Each structure stands twice: as C-alpha cells, then as structure tokens.
Amino acid sequence: MYDIKALYEAESVQDAIRLLQEHPEAQILAGGSDVLVQIREGRRAGVELVSIYMLDELRGVSIDEEENIRIGSLTSFSHITKDPIIQKYINVLGEAVDMVGGPQIRAIGTIGGNTCNGVTSADSASTLMAWDAIIELTGPEGVRRVPIKDFYIKAKVVDIRPAEIQTAILIPKESYDRCFGHYIKYSMRNALDIATTGCSVNVRLSDDKKTFERVRIGYGVAAPIPCRAYTAEAFLNGKEINDENIKKFAETVLEDINPRDSWRAGKALRQHISVVMAERALRESIRLAGGVVNE
Amino acid sequence: MSNKYIGKAVTRHDAHDKAMGRIKYTDDMCDKGALVIRVLHSTVANGIVKSIDTSEAEKVPGVVRIFTCFDIKEKHYYPTAGHPWSTDPSHQDIADRLIMTDRPLFYGDDIGAVVAEDEVAASQALRILEKSVEYEELPFVLDAQEAMKEGAPQLHEKYPNNVLAHTEIHMGSVEEAIKEPGLTKVEGWYETQPVQHCHIENFICYAYGEGGRTVVVTSTQIPHIVRRVIGQALGMDWGKFRVIKPYVGGGFGNKQDVLYEPLCAWISIQLGGRLVKLDVPREETFISNRIRHAIRYHITSWMRPDGSFAARTIKAWCNNGAYSSHGHAIAAKGLNAFPQLYPCDNIDGETWTVYTNRSVAGAMRGYGMPQASYAFECHAEDCARAMKMDPLEFRRKNLMPVGYYHAFSKNELYSDTFNQCFDKGAEIIGYYDKVEKYKNQTGDIRRGIAVSTFWYNTAVYPIALETSSCRIVMNQDGSVQFQLGETEIGQGADTAAAQMIAEELSIPVDMVHPVSCQDTDITPFGTGVYASRGTYTLGFSVRQTALLLKEKVLEAAHQFTRMPVYNLDLVDGKIVRTTDGRELMTIGELALSKLYTTDGSQHLTAESTYQIKSNAYSFGCCFAEVEVDIPMCRVRLLNIVNVHDCGQVINPILASGQVHGGMSMGIGYALSEKLMWDEKTGRPLNNNLLDYKLSSFMDHPRLNAAFVENYEPTSAYGTKGLGEPPACPVAPAIRNAIGAATGVYINELPLSPHTLFREFTDAGLINDPWRNEQGKESK
Amino acid sequence: MATQLLMAKDPAEAIGSKTASAAFIAGGTEVNRLGSDIAAKADTLISLKKCSGLADIRKEDGCLTIGSMCTFQQLIESDDVPAYLKEAAHFMASRTKRNMATIGGNIAAARSDSYLIPALHAAGAVLNICCKEGECASVAIADYLDEQDKYTDALIVSVSVPTDIVLVSKRYANTAQSHAVLTASAALRDGGLHMAGAVKNVGILHFCDLEKAFMDDPDISEDAIVKMVRECTGLHTSDDMFGSDDYKRYLIGVTVYDLHRQLRGKEV
Amino acid sequence: MSKQYKVVHCTINGKEVEQIVDVRASLTDMLRNDFRLTSVKKGCEVGECGACTVIIDGEGFNSCIYLAVWAEGKEIWTLEGLTGPGGELSDIQQAFIDEGAIQCGFCTPGFIMTSWEIVNSGKEYSDDELRKLLSGHLCRCTGYENIFRAVKKTMLRHLGKFEEAEKVNSQGIADYPEPMPFM
C-alpha cells in the first residue's frame, strides 16, 4: 500500500487540468514506475496525486497534418518499440526505450513520465534531444509547444507550468527526413539498469553518401540534464566521411560534456566511454544510412 | 545392482505445487490482521543513542506501539550464528548482539521498532522517528587493516584492536627453504568485495502467543537453532518457543543466522501475544541482515625451476563488520584450505577476523572459500606465468595428489579428482584448441580462456557437532512420511531424501512423502542446512532409520508369513521370500495387518540420530571463455563449464541446478556485484536491487554443469557436498580468462568496467590521445 | 432476491418508494428470521431505521402516542408506557431481540402468536397510518387487521393507546423463546368488556360472543364458558404441533374466564 | 483523515469480480489480500525483481507498482489461473517442472506468467530475444539456465517444431564466429 494522501482520477485531459487547478499541491501520476517507487522510498510520501493513467486519448503514435510524428505522452515504451511509424522513421527511439528496465517496466512506463521526471539518465531523453523533439504541453491557457532542449531546465526540473500536463512529443519531418540513428546505453548490467552514460547519434548523408549533410549527437548522464554536443556536430557537418573526421568528431564531444565524478562512475571513465560511444554510434548510423567509411 | 531411484532424475516432490503457485511461504500463511513491525535503524556508523523522542511518531493514526532500545530492561546478549550449540564454553559463539541496542555499531543497526496496523502507518511513523533520535556520534572505521591500527575506534572492549580472532599455521621452515638457490619469488595482494545473498524472498517472520508459549513462523534454514537463540535473547526457557519453517524463498546462508525472530517474538510478548509480522524490505535486507566477508590476501610463493613450490606464505584480513555472527570460522576455513590445495613443506600463514563499523558479515554460499579460491587461483595463475608454464599443467603438477590425508579432519583424497575434472571440462569447452587460437591477439576485441579450481569439504566435522535425525512413519497402505532436521530451502534436500528412502525400503518413490514444513514441536532435532552438508549428513540418518524400519517390517512379515526374517526381503513394495523369490504379500497388506491385527498390533515407525564423524573433499573446476571489448571495458562471458566431483549424484537435475546456481552467484561475484559505503558518513550507497548489480537473464550465457562421480567411501550413499563448491572457482576462472585475452591480470573484484578501465589504462591498453593533450589526469 | 437497500430519510420517502415489490424493514427480527421469505420476494427493502419522526413517545390527554419504530425495550424502559403494554412487551423473552423488534413491525406482521396485538386490540389502540397520496388516517387496530391488504403500501407512523384502563393478559408457550399457542387479553374500558386473543395458526380473534356472555351474566360458570367455546362453529382451529383442536378451545375458555375473574377482582 | 475507497470491476483468472479497494493499494495488495492469490510474490516492491508479475490485457506488468484502481475493466491472469478446472497444468508449467527450472520457487510464478505470454504469442524468438523478454525477472537459485530451456522448448512445441524442441539440450557450448563489439 502507498502513502498517498489523496488520488484524483482524471477522465480527460481537461478533467486532469481542472483537478490540477483544484489541487495545486497534487503531482501528476502517469505510469508510476518512478513516482510510486519514490513514494515508497519516502521522498514523495503523503502526496496528493492526479492520475492520468486512464487517458487513452494520450496514447498512440501517428503522423499529424504537418507530417510531425506525434507520440502520445502516455504511450508505453513497449508500444513505442512495436509501433510501425516509429520503426519506419525513427527506429532508434524504439530501440532506446527498449533498453529501459525490463519488459514489465516497459509495459507500464510512459515516454511522458520518462521525460517529465527530468532525470538525465532517461533512455528516451538523449535520443529525443538528438532528434530535436518538440514537447507539447496542455494547460489552463491551452496548448504550448517547447523544444526539448528548452524543456529541460536543470536536474529534475522541467518546464511544466502549474496545472499543465505533457500531452505529446513531436518529431518534425525536417528532423526525421532521410535521417538514420543509433543509441548506445552504457550500463553495468544488460537489463534492469540505469544508464551510466547514454549516447544517441543520427546522420543525414549527402545523396552520394560521401559527406555528412547533418550530424546530431545527444547524451544522457554526461551533464545534469540530457544534452547535445553542438561543437562536435558543427565540426562534422559538411565533412567527408572518413576515419580521421570520425575520430576527431568523437574527441570533440569532450568540449560539450562535463560528466561528474561519483561513486556510480568516475569522471575519467565517463569521458573515455563517451568518446568511444560517439565513434561507434556514428559508424553504425553511417552504416544504417547506407554510407561507407573509406579508410 | 543398479539403483531404482538413487541417481535418477526424479521430479522434485514440491515442483507441481510450486508450478501451480499454491505453495505457501511465510507471508502467504500470515493472517491479514497481523500488526506490522518496522525496525528503526541507526543512521550513524558508530555512536551512542542519547534519546529517542517517540511522542510525535505515536500520534500517527494506526500506530499501536513504539519500542526503543531503552525498553530493554535486562540486556541479554546472544549469539546469532547458525552453529550447533556447544556445551564447551570455549567453543560457543560470541554472544554480542541485542534485539535493540543503544550502542549502534554500524549504519543500519537496530535501535527501535514501530508496531502499526498497516505498512503505511508504520513507514510514516518510522520517518518521523528517524528524525527524533539524538546520537552522540563517534568516529568509525570501515576497513579491516585500518581497524587494527592503534587509535582506531574500538567496537568491543573484550577485543583490543578490533581483532575478533587471530590464528596461524606453520609447517617446516620458510626461512630456511627460501635460501635454496634458483628460486623465483611471486607475490601478490588480492582484494575481494562484500556482496549480499539477494534471495528473492526477503527475510520475514511473524509471532503470536498460544498455549502459554510464543509461536514464531519464520523463513529460516535453522529452525531448531532459532528456537534456542530466541530463548537466549529473551532470557527465557527455550521450550517457551515453537519455531515453524514453511517453504523458504532461498537462503544461501543469510537465513543461517538468527535475524529478527528474537525481536519479533519479544514484541509479540510485550503486546500480550498479539499476532505481529516483521517483513524486512529489500533495502534493509542488504544492510541489516548478513553479507559476505570481504577478505584481503597477501600471498607469496617461492618457485623452483621445475615449477614446484619451495615455500609459501599467506596473510588474510577478514572484514567481519560490527558483530561476531559466525566469528572466526570463515577466516579459519580459508587458512585451513591453503596448505591442502597446493601442498608445500614450508608454509607460514596467519589470518585475522576484524570488527569494523559495517554491516555484519555472516555465512554466504562458500563460507570464505569463494574469497580464498579467488586469491589462491589468481596466485596460482601468476606463478604459472612467472614460470612460463601452461596454467593447467602447472596446476596438475602442484595440486593435492591422490591419497593425500589430512590428519586433523581425517579427510582423504581417494580419487584423481582434479585431473578427471580438468580433462572432462577441457573436452567439453574445447580448451586446448581455444588456447592455441587465442594466443597473442591484438585489436580492440580479444578472447581468452582459462581454468580454475578450488578446495572444499562437506559439513563441519571436526570443527563442530555434525548430527542428523530422521523419523519415518508407515501408513496403513505401506506409504511413508518422513521428517528430517535438514531443511528444504530450494536445494531439493527433501526430494533427495525421498529417493534414498524409496531405494532403501524398495517402495515406489511416490509413496514416500516428505513433511517439508518443519516445526520444532514435531520435527526431530536437527541443525538445519549449511556448509553443503544437506544430502551428505541426512544420508546417514535416513539410511539408518530406513534400515530400522525395514527390520520392523520384516519382523512383522515373519508374524504373518511364518517365514524366518533372514529368508525375507522387501522388494518393489512386496514382501519376498528370498529362497525362491516368491512374493508373499504387498507392503500395504503387511502394514494394514500389523496395524489392525488383534494379536500384537503395532504402529510401524522408526526414528534415530546419527552423529557424523567424517568429512569429505568435494572438488571440481571451472572453465571460462570470455570476449573482452577493451575500449568499452566490457566483458562478455561466451561459455562457462563447471565440473564437480560430488560423489554419487542422487538426482542429476537437482544437482545440475545447484551447480547452475553456484555458477550464477560466481558470475555476479566476478563481474558486477559489490556493496558500497560512503567513506565520509558510513552510509550504504547501493542497498537496493537497482544499484546493486545482481546478474540478470541477459548477463548469463548458457551454463554447463558436468559431473565426475567418484563414489565417496565415507558417505551413506556415496555423496559429497555440492551446494557451495560451484560458487568458488568461477570468479578466478573469469579473471584468468580476461588475463589470457588482454595480458592484464587483475587482483581485485568485481571485474567491473570501473576496474577494467583503471587496469587497462595503467597497462597502456587504453591511452586516449586527447587525454594526454588536454592534460586531464585520469584517475 | 432483494438486491437494493433504501435507507428512507423520512416517512414521505419511505411511502413514496413503497411499490408492490418493495418491503419495509423495521427492526428486522421478522424480515431476517430463518424461514422468512419477505426479503426473497421483494426486490427492494426500505429500511425505516434512519426514518425521522417514528421513534418518539408523546403523552396527550389520557392517551399515549408511540412511534411505530419504538422497540420493545424502549416500551419497557419508558416511564409513560402503561403497565399492561410493558407486560405484553415482556412476553418477548430475549433482551437482545427486544432491542431490535418494533411495535409497528409487530403489528404489521400480524402474526397468529403476536406479542402485542391482543393487548392493543383489547385496549382499543388506534393506528396512525399514512398512505401514498400523503393523507394520513387514524384506524382502530381491529379495523386495520380486518382489511390489512388495503394498507400494504401504507406506513404505520404511530400507535395511540389509552393509559388509564385496566387490562390483563396471559400467554401460553412451551418455553420463553418458543411461539405462543395462545396470547389473550381482556380490558375494562369505556364502560365495557373487551377481549381479544392470538391463537397460533388461527389468527387474531375478537371474542365478542364471550364478551357478551360475561356482560349478560357476570357470574357465568367456567364450564359454561368452556362449553361455549368448544361448540363455537365460527372458530376454526386444527390439530398441530402446538396442540389439538380440543385443547386450544379448552385453553381459550379457561383463559378468558380467568382473565374476566381477574378483571372483576380489580373493578375500578 | 478519511480513507478513499473505490469499487474495481475486472476479470481475474477468467472470472468477473468486483472489489472495494483502498485507492492507495497496489494491485499486488489486492490480489494477495482481497483475493488470496498468494502466488503473486513480493520481492522488492519497486518493480525490479519481477516476482509480482501478472498478465494484464495480455501484457506482463509488475503488479507491485501498478495501482489496484487501474485494474478497472482489465483482464488479469495470475499463476492460479493457468491451472485447469481439474488441476491440469498448462504446458509451460509442466515444462518448468520437467526441465528442473524450479528450485526455491519464489520467482517461479512471475517467470511462468511472462513465459506464458511468450509461448502464447505464436512467434519464434531467437535465443537473445528470449533472454531479453525474460530479463524482467531476477533469480538467485537457477542461474536462469533451466528456465531458458523450459521456455525455449515450450515455444518450439507451440510452433509445432517438436524435434527441434527435443534438441534443446543442456550442453550449450556456443561458438561465436565474429567478434561482438559492445554497441
């Protein structure tokens, strides 16, 4: 049994917003795989909760009229991984969320919850950062859209206003068109684990597949919030696909990330791993995009 | 004659109920109305509890009572180790524990308890209570060697320099032996880490008053010992308690200690015998139950040119945590094994068991031997490399020879076990081809294969009492129930015993019913299961008792068949006249007649105790093949094979299950498991199943268990210990395989990415060009 | 099988929801007892437990108005309730049952072994009944019992009884807890003699012939009375576990004779 | 403070039920305490060990971090539901027995429910895919070996590949022709 002061079950998005206004102290409960665990640990004991778990309207993946890929915030990880649209246009996201915890956690955990708890190790976040996702929030003043890089403010803090809930995550066409990516989750065991460092790279190659038209690389746990290595991206954009450039790109990420020293992993290890992962994820992205690395 | 049941893959007698989900563990039997106990733990690593203000916490609705260490009027210090009691005081375990103490010695020590109507009220009150404790904090020490230094904080007055015990062994003269010319000296420090049992069923017990006594239902390996210790802890007659052990969800040694049964019984008594349940949450299981001893070794060997040992020394520092629990037994076992595994004429060895302000270390599968095997086998590999010998050949040359006899324990190596196991394992995994294939590799991804062995014995004779009692009762249809002192905790002891009885009485095994749930009021006395003693020790009393019962059966058969007993036998459930093989009556008819005859009706039962005065070596080895991704500091275990000589295998499926479980524990011990503390505050850092890296399904390759069955002459059914041996050789085998692949031989566990990164960097396998340019120091 | 329970807040709601397939439940000792099929036949039970205005006892010039939901035990413990009614309430031996059973419930059940009806009948009690259309009426208990079907959807709100009359009662049962084969009462009021009784498996009887016999000849002999009852063709009793037909008739005779003799001893 | 209750209508093990629950209760609490389905075990109560896994609308969930009120309208299966009316075991339960996949039995209910979902999916999974699908369960007794064999054999039998199923033996020495960099 959980130490919950009160539970309000929303029937619709508007109902949820109303409940949040009526109970300004209440916190949002989606899949609960983070919130319920923190309640049991005592960090959130005695909270009021507005449960939005029953809002089927926030589930599912579709392509909207602006050809954005629209992922309902309550879509579970397992459903994202199996979704044909995701598999077709942004399969790396499906792969990334398929590394969260275990199958049961992926059945309950939602991509909205994963992004809203503002934790840098969230497996979906580094990929969403690397694909310039847009976070859609609905509140008393209506719908608001925020680029994910602005959505994350600082560790565990995201740009959600009072009585707002995250309703969708959008990937613009310009972001996913002709784009291929790969995610590596570095953790101490191969399941039921939190990323020590997560690295998501994607590339759009020139038509002749010889040069990088656009490269993006996002990291989890390389900074207090999920981040991008812009300097490294700037260096590689437009460059020819060859070993030298790939290696230089991988080393340049160090200028954008500042992993910390902790008992979970030392700074030196995190730096080293971040460079190795950048290279490997980039090479795999090139392969997926049909490019060949000439020595 | 070939056995009908011994050695056969008889299905576990409780498998059906477990597959249906109707098996009852402790929590499943406890009434929903039980009050919930949550223990208040110390949040300082060393200190004195000045006061606990319970007023605020008592206001929480649903709280029934709050107890604190100040409610303990008479302090009854008690031992917690699951050792058989000794009537000789010098052999008794150290009694240094209290159910609640005002003198916490580690972060997580027990200083109070909340009793509430439900778990929410209990945890609410607990959180308030945690903030209303006034401590006088004292300096603390976490490392064993640091704790021995002058000026280190003293945990127990009677043990200066925190040394619980210090023992030595000396053979020949090392001083003289090392003067021999042409010797090569090999030296090494080896560090093993604290790990936890992580049985999936947390410790749980509940207690209630009945018939002027207190009944304690608990998930334990040692019900009779629990009853004794509750009596000692509460200063009451032992008979005032009845301990019941239902099915257990894994123990691995943690439940071979008395954990919270005394506190739970005491609270029930304070509340007039009300039903109270103490269910330990996973986070507290990690730090407030028992863990494995972290042991640091320093081993030196002087090798002759032919690769034999001239002299050897060993020092071992064993971190025991805040209380004695099993005391010096773990360290002593390791030291005792050192001169036996690689015999040498000149040996100096000493070992210390040291108190530190850390969670209490107790028994865990292997009881000191996984730690010792890691040090011994890493060192053996280092010696082989120093002498440029093939590691396997080096071992074959130096290991305990056939016929070796150990005077103290009277153990004898009757068969060429080591070579047989090496040959079998090498053949299964294809060792020799792969050694060739993986010679001097380069590149980021490299493979390696290696082998390691270990020393292990069975049960605890002569160090402590070894006794086993059994009772068999025959029903009117000739079927039997039997009860044992050895407890079923998942290893299959019940099924093995059933096979033995079916074999001895020659009746179908499905007519042999174990009474698995043990109850100290009913079950014959027994000290439970530990030290891989299960099948070996119960074999003695089971066979003896079965023979006694058979005698009574044949005596009865004489009455009804008029044939002399020496011409009668019990075969396949029938009374048979041996002279012509004629079947005279079925066992069912016999049992029915004997029970209901109006001329000498008798209930057919037998009960006996057997005191075991022998031990048995149980050796084997592990072959590990790994692939190391050097840049990513990751190890992938490609293949692993354990070969064990546990004498005659009673049940191949159960036996291989034990080997798989031991290998799994060994893999985690080698690659990922480690309990960590914050050096500054003494607070545990990763006491939960997310941050403590227990191996998942995806961290294991296929596990291969193989057996070499040398019938053990001293054993009732030729069996030897098998519960713990499989956990011993895996970690060193993986370490040596990583060494073979990368040339980097690491003397520390676990071989996690952190360790590999540091060692590969030091060895130059990892040298990031950017790190030198940007001058970032790498540590 | 009754699946709905309605806790009526006031008489209007209780009566408003009383359909043919609904049944009132007052104290519950009748509806819930073993063998009762009231709940089984109804689809809704309307509980009067929380219904306002049915539980008080009011004294009004020489007579007492008792709320229908007053329990037997309340009657016993009330200072205003006349002794004869307390005696009748005591006929229910079980203290715990008396805490539940109500005066209104006992009347509505109109059992042939009723504890209270003989006394109320002899006392000339008047029932205040409200019907569906909202209008209430005062009905003498004798008339109510004669046309009880007329009032099935009505609610007995209260019972008015005279306080200053002389009334004696008698009850015959094997044990204190078992059903009575005869419960009879006789009263002197309004200048006349009133006798009534509950005869098991027969019903509530108004002994008007016997009243007339006593009035005509106050000294009439016991045998005459007994003979009269034995030969009374209007009375339809039968042999059953409570006694033979002849025994019941004999019992009625001797009982009313004894009651009358007590009354004459206590002539006001 | 008054407690909040709610009626939950759902189907458990094929039977429609209604149950009043405290809104704070987890699904494990409801199944264990209100329906006495004690096969649902508590190992960690934080969604790590998988011992509390039940099947909800065809998917495996950790019932310890699933609110009971969310069960509204769902179809839930626990291990007790896999056994036939006359006690007949499903083939996955029998396989766990035959392959020695059960030791202490505490993780068994959770494992069998996930395995039941796998073998009834009608799909054929590779060894690595099987390991991933079963990776939501921790076991300390078996080293996962016999569990893997039990699930693989049952999966193959469900697909009619009986000989292949019998060939799934314990001598599992695998050879990996190509190096497998971690990515």
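We just call them A, B, C and D in the order they show up, numbering each chain from 1.
Just so it is clear, a contact is a pair of C-beta atoms (placed from the backbone, for glycine too) under 8 Å apart; a residue touches a chain by one contact, two chains touch by 3 or more.
The structure presented is a predicted model; accordingly, all values stated were derived computationally and were not measured.
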So which chain ends up closest to the centre of the protein, judged by Cα positions averaged per chain? D
Centroid distance [mean C-alpha coordinates] between chain C and chain A, Å: 80
Averaging only over C-alpha atoms, locate the centres of chain B and chain D and give their separation in whole Å. 28
Nearest whole angstrom, what separates the Cα centre of chain A from the Cα centre of chain B? 43
Sequence positions of chain C contacting 2 or more other chains: none
Which chain B residues sit where two or more other chains touch them? 120, 632, 689-690, 694, 696-698
Tell me, which residues of chain D touch at least two other chains? 1, 24, 45-46, 48, 132, 134-135, 137-138, 181-182
Interchain contacts, given as pairs of chains that touch: A-B, A-D, B-D
For the chain A and chain B complex, residues of the former touching the latter: 1-3, 40, 42, 45-46, 102, 186, 188-194, 196, 251, 254, 263-266, 268-269, 271-273, 275-277
Please output the residues of chain A touching chain D within their complex, sorted ascending. 1-7, 9, 29, 32-33, 36-37, 40-41, 51, 53-54, 78, 101-105, 107-108, 182, 184, 190-192, 280-281, 284
What part of chain B is in contact with chain A in the complex they form? 118-120, 123-124, 127, 631-633, 672, 676, 678, 685-686, 689-691, 693-699, 752-754, 757, 761, 766, 768-771, 774, 776-779
Give every residue of chain B touching chain D within the complex, in rising order. 9, 11-12, 14-16, 18-25, 27-28, 32, 61, 120, 197-202, 247-250, 252, 279, 281-282, 428-430, 443-445, 447, 489-492, 627, 629, 632, 634, 636, 638-639, 641, 653-654, 656-657, 660-665, 667, 688-690, 694, 696-698, 700-705
Where on chain D does chain A make contact in their complex? 1, 4, 22-26, 29, 45-48, 50, 53, 59-62, 65-67, 69-70, 72, 114, 132-138, 181-183
